[in-house]
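Shared between the two complexes below is chain A, which has chain B as its partner in the first and chain C in the second.
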Partner chain A sequence: MRYNLQVLAQYVRQSFLEWNAGRSFTFTLVVQAVVPPLIGLAVWTRALPGQDLITLYYAVLLFARLLTVSYEHHTFSSRIYSGNLIDDLLRPHPVILAPLGVNLAVRLWHVAMGLPLILVVGMLIPVRPELGSLLLASPALLLAAALQFLFTYGLALTAFWTEKAFGVVGIGQTLIFLLGGEAFPAWLAPSALKPAMNLLPFRYMLGFPAEIAAGQVTGSALLVGYGVQLAWVGLMGLAVAAIWRSGVRRYTAVGG
Partner chain B sequence: MTRLLGRILRLSIQQLTAYRANLVFEGFLTLVRLAAGLVALGAVFSQTDSLAGWSLGGTVVLLGTYQVVGGLMGAFIQPNLSFFSEQVREGKLDDILLKPVPSIFMASLGSCSPWPLLQVVLGAGVVALGVASGGLTTSSLQVACYLLQLGSGVVVAWAYLVVLASASFWAAGLELNVLYSASWQLGRYPVDVYHPAITCFLTFVVPIAFVSTYPARTLAASGGGPAGVGASLLAAAISLVVANLVWQAGTRRYTSATS
Partner chain C sequence: MHIISAKDLSMTYRVPVRGEGLRASLRALVRPEFRRVEAVRQISFEIGEGEVVGFIGPNGAGKTTTLKILSGILHPTGGQAAVLGHTPGQREGDFLRQIAMIRGSRPISAPIEITVLDALRFQQAIYRVPEDRFRMNLAELEELLNLGPLLDRQIRALSLGERMRAGLAWSLLYRPRVLFLDEPTLGLDVVAVTMMRRFVADYAAATGATIMLTSHYMADVEQLCPRIILIDQGKLAYDGSLSGLAQRLTPYKLVKVSTDIDYRGDWERLGEVVSCEAGRTVLRVPREDVREIVARLLADKGVSDLGVEEPPLELVISQAYQEGVGV
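Coming up: the complex of A and B.
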């Protein structure tokens, strides 16, 4: 375990430095990541003016978005297609450590580059979150980050079967946009969609921590939410392990 | 030129069928994205009757228009200009510059991806849905003006992407394709929903307003008219000139693989 953590830390450090070389590109990715929550903020504050909770919700969602970005369909799928995965398979540690290291480094860059924007939005919003709500939102945020990585990584693994994984991941990302709380907060969702939002994993990948910070999830609903989130992390972990085992068996590298 | 476009289309369909599984998912993705956009609008209008002066019907027309232009860009322009800096860095532009057709034409329309044309068809359906469900009465003159503005929107979007891609001639490491995708999303809603400064920016600097808001406004009869058509045509003309000037200036800097 300790060895794996050391290896992971090395991957994070290495990827952080690699992405430093392409800072301008990373910046464009940050812009792409922050635009949807900002659009949501603009639309909903225009639709329901004076509702400060919505503003607070989207401000926290902005941070959640930066902390949960996942690009495994670019960073990892391409290694499967190009045959470079063979290098990873020969290394004396679990293969997932490398994409996880890249993921964490990219998220660090996103948060670092997006911090000025978060501060500006934080200063502009008329309401401040309560410290207790923020503390309660923190574990949900970490679980959301884990869940979104597992989800995107699992979809990226479809590269073992498909010639291009972008279509599959694109569908997943659209579902996160719609049911994850980016298009609308869960409490403003059409009633027909609410059961699906509560049950499916998408809300727990993004919107749930922001709802807690905005004070919309309290008491038993909070505990149930944590429980569902944990269950999805477990299920998604098992699913990823199964997809990996099945995929790697049919992997034949370049020319195989 | 038409024959050349036809051959490009045929060749692109052959290339597309090589990735059959992805083809299915791309088609499904188009449907899911469109449905997601409609559901998102439905959620907003379940809480209010008007969004920055726009009715539900008007915003559905706008979403359909956005999809139509997005589909045309995805089919004909983006396959050529996405990640364009790589072509500049590796000197792959030599081929294009040596062909006996205008280089801006070959660089931006040299290949195509027919699948997003489904998005165009579905987008047109959404426009019709918006008109019907919103009870919008449209005269033939309005439809003609709308189509004119739609064409202008395509020209504006094409020029914007050409200008962003041309930045690679000055800074080969700069890849603004992602920035294009980010700003493109702002056209999903009427520009009137944003802060006035951003609306101004989206009209005069990054003219996304002419892609969806202006055409939809004409059809939704919420402030369109001859002035809107004139503004769209002017924006298209200016965009065309700017794109050509920037492209020419950029290609003059191009020095093949060593650039």
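Coming up: the complex of A and C.
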């Protein structure tokens, strides 16, 4: 375990250095990441004037968006396509540590580059978030980051079978946008859609921590939400392990 | 002790095939057809500790597939492979820490944006090389590969030859006991090729590492490998010394004769004339007749220089690829 953490730290360090060299490209990714929450903020503050919680919600969502970005369909799928996965298979540690390290480094860059924007939006928030709510939201934010990585990584692994992993991940990201709380907060969702949003994993990848910070999820709903989120992390982890085993079996059978 | 062993190793791929046109394309959607490709067919060999073996064959012979099986990247569809007592396909950490695979097409697999030293530090952590060992190995590699000027440079800015030097350091920093070299001199200039060959020979001598090398450049094989394994169409065609292969395939030697005066003898009676110009003649002589022919030539006062050579290796291998070894 200690060795794996050390290896992970090495991948984060290495990827951080690598993405540092491509800062301008990283910046374009940050811009793409922040646009949807900002649009949501603009639309909903205009549609529902006076609802200060909307602003708070989208400010936290903006941070969550930067902290949960996942590009494994670019970073990892391309290794499968190019045959460079061989290099990962030859290393004496679990392969997932490499894409996870890249993911964490990319997220660090996103948060670092997005910080000025987050501060500006934070200053515009008419209400101060409660410290208790922010603390309650923190674990949900970390779980959302884990869940979104597992989800994107799992979809990116379809590169073992198809040349179109990018499209598969694209569908997943559209679902996160629609049902994850970016297009509209869960509490403003049509009533027919709410049960699905509560049950499906997408809300727990993005909007759930922002809802907690905005004080929209409390009491038993909070416990149930955390329960569902944890369950999805577990299920997604199992699914990813199964997809990886199957994919690598295919890869090692046909040589990529 | 055998470090690498392959017993009846086989690898069969199933590749999709279909006829031309829209109808065949639509039919393949509901009823896909496949063809079996036997990349490796029941090959067996054993390689002892410290051996440097050339693994050669024409394109598509199954060389890289075999190397991938032995390094754990591919699972064989038949037979068994063992490397250092491990089954490669299980990819155990202890196994992977003792092997390295260097591909000429991609000598270093670190991100190209980082510096060579950063890449080496990364390897140090991944392969748990203690700091004192790291410094010692790095100093040695720096000297052997003239690595010093490259350490603070980004990998992306290195030439192909420099990348190969950095890649060798990157792969050998943790002192692997088994080295798989897949076309290591691919695309390198003559200086880099010479450095590469000298380095591999030095590394093998210094560490006692077991090395399997594939290359289309016969000079690589000739200079580095006392033993060669030749495979063709997935089957083992020859396993032995290079000179043994030459003897088997080419039952003649080349006798090169320089004469001071116009030799009036009948060249055709001595052997097949390959070339004859400006006082220098090359004869193709059956191996069993070489001694007698040489004696006759030396007895002749007009001979100023004489040499006996094996036929060019490229020719031998080319003949083996085209006609088979005829085991």
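FYI, the second predicted complex is superposed on the first by the 251 of 256 C-alpha atoms of A that agree within 3 Å, B and C clash if a C-alpha of one lies under 4 Å from a C-alpha of the other, contacts with A are read in each partner's own complex, and residues count from 1 in each chain.
The working rule: a residue touches a chain if its C-beta (ideal position, glycine included) is under 8 Å from a C-beta of that chain, and two chains touch if they have at least 3 such contacts.
Since this is a predicted model, take the numbers as computed values, not measurements.
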| item | value |
| --- | --- |
| Touching partner for A:E18 - first (chain B), second (chain C), both, neither | second |
| First, second, both or neither for A:L193, with chain B first and chain C second | first |
| Chain B versus chain C as contact partner of A:T252, first or second or both or neither | second |
| Larger contact residue set on chain A - chain B or chain C | B |
| Contacts of A:Y3 with chain B and chain C, given as first, second, both or neither | second |
| Chain B versus chain C as contact partner of A:L90, first or second or both or neither | second |
| Chain B and chain C contact sites that coincide on chain A, given as residue numbers | 22 |
| Touching residues on chain C, where the partner in the complex is chain A | 13-14, 65, 68, 71-75, 77, 89, 91, 93-97, 99-101, 103, 106, 109-111, 113-114, 118, 122, 125-128, 154 |
| Parts of chain A lying in touch with chain B, wherever the complex brings them together | 22, 24-25, 28-29, 31-32, 35-36, 39, 42-44, 46-48, 161-168, 170-171, 174-175, 177-178, 183-184, 188-190, 193 |
| Complex interface listing, chain B residues touching chain A | 18-26, 28-29, 32-33, 36, 39-40, 42-44, 46-48, 51-52, 173-179, 181-183, 185-186, 188-189, 193-195, 198 |
| Chain A - residues contacting chain C, complex | 3, 6-7, 10, 13-15, 17-22, 84, 86-87, 89-93, 249, 252-255 |
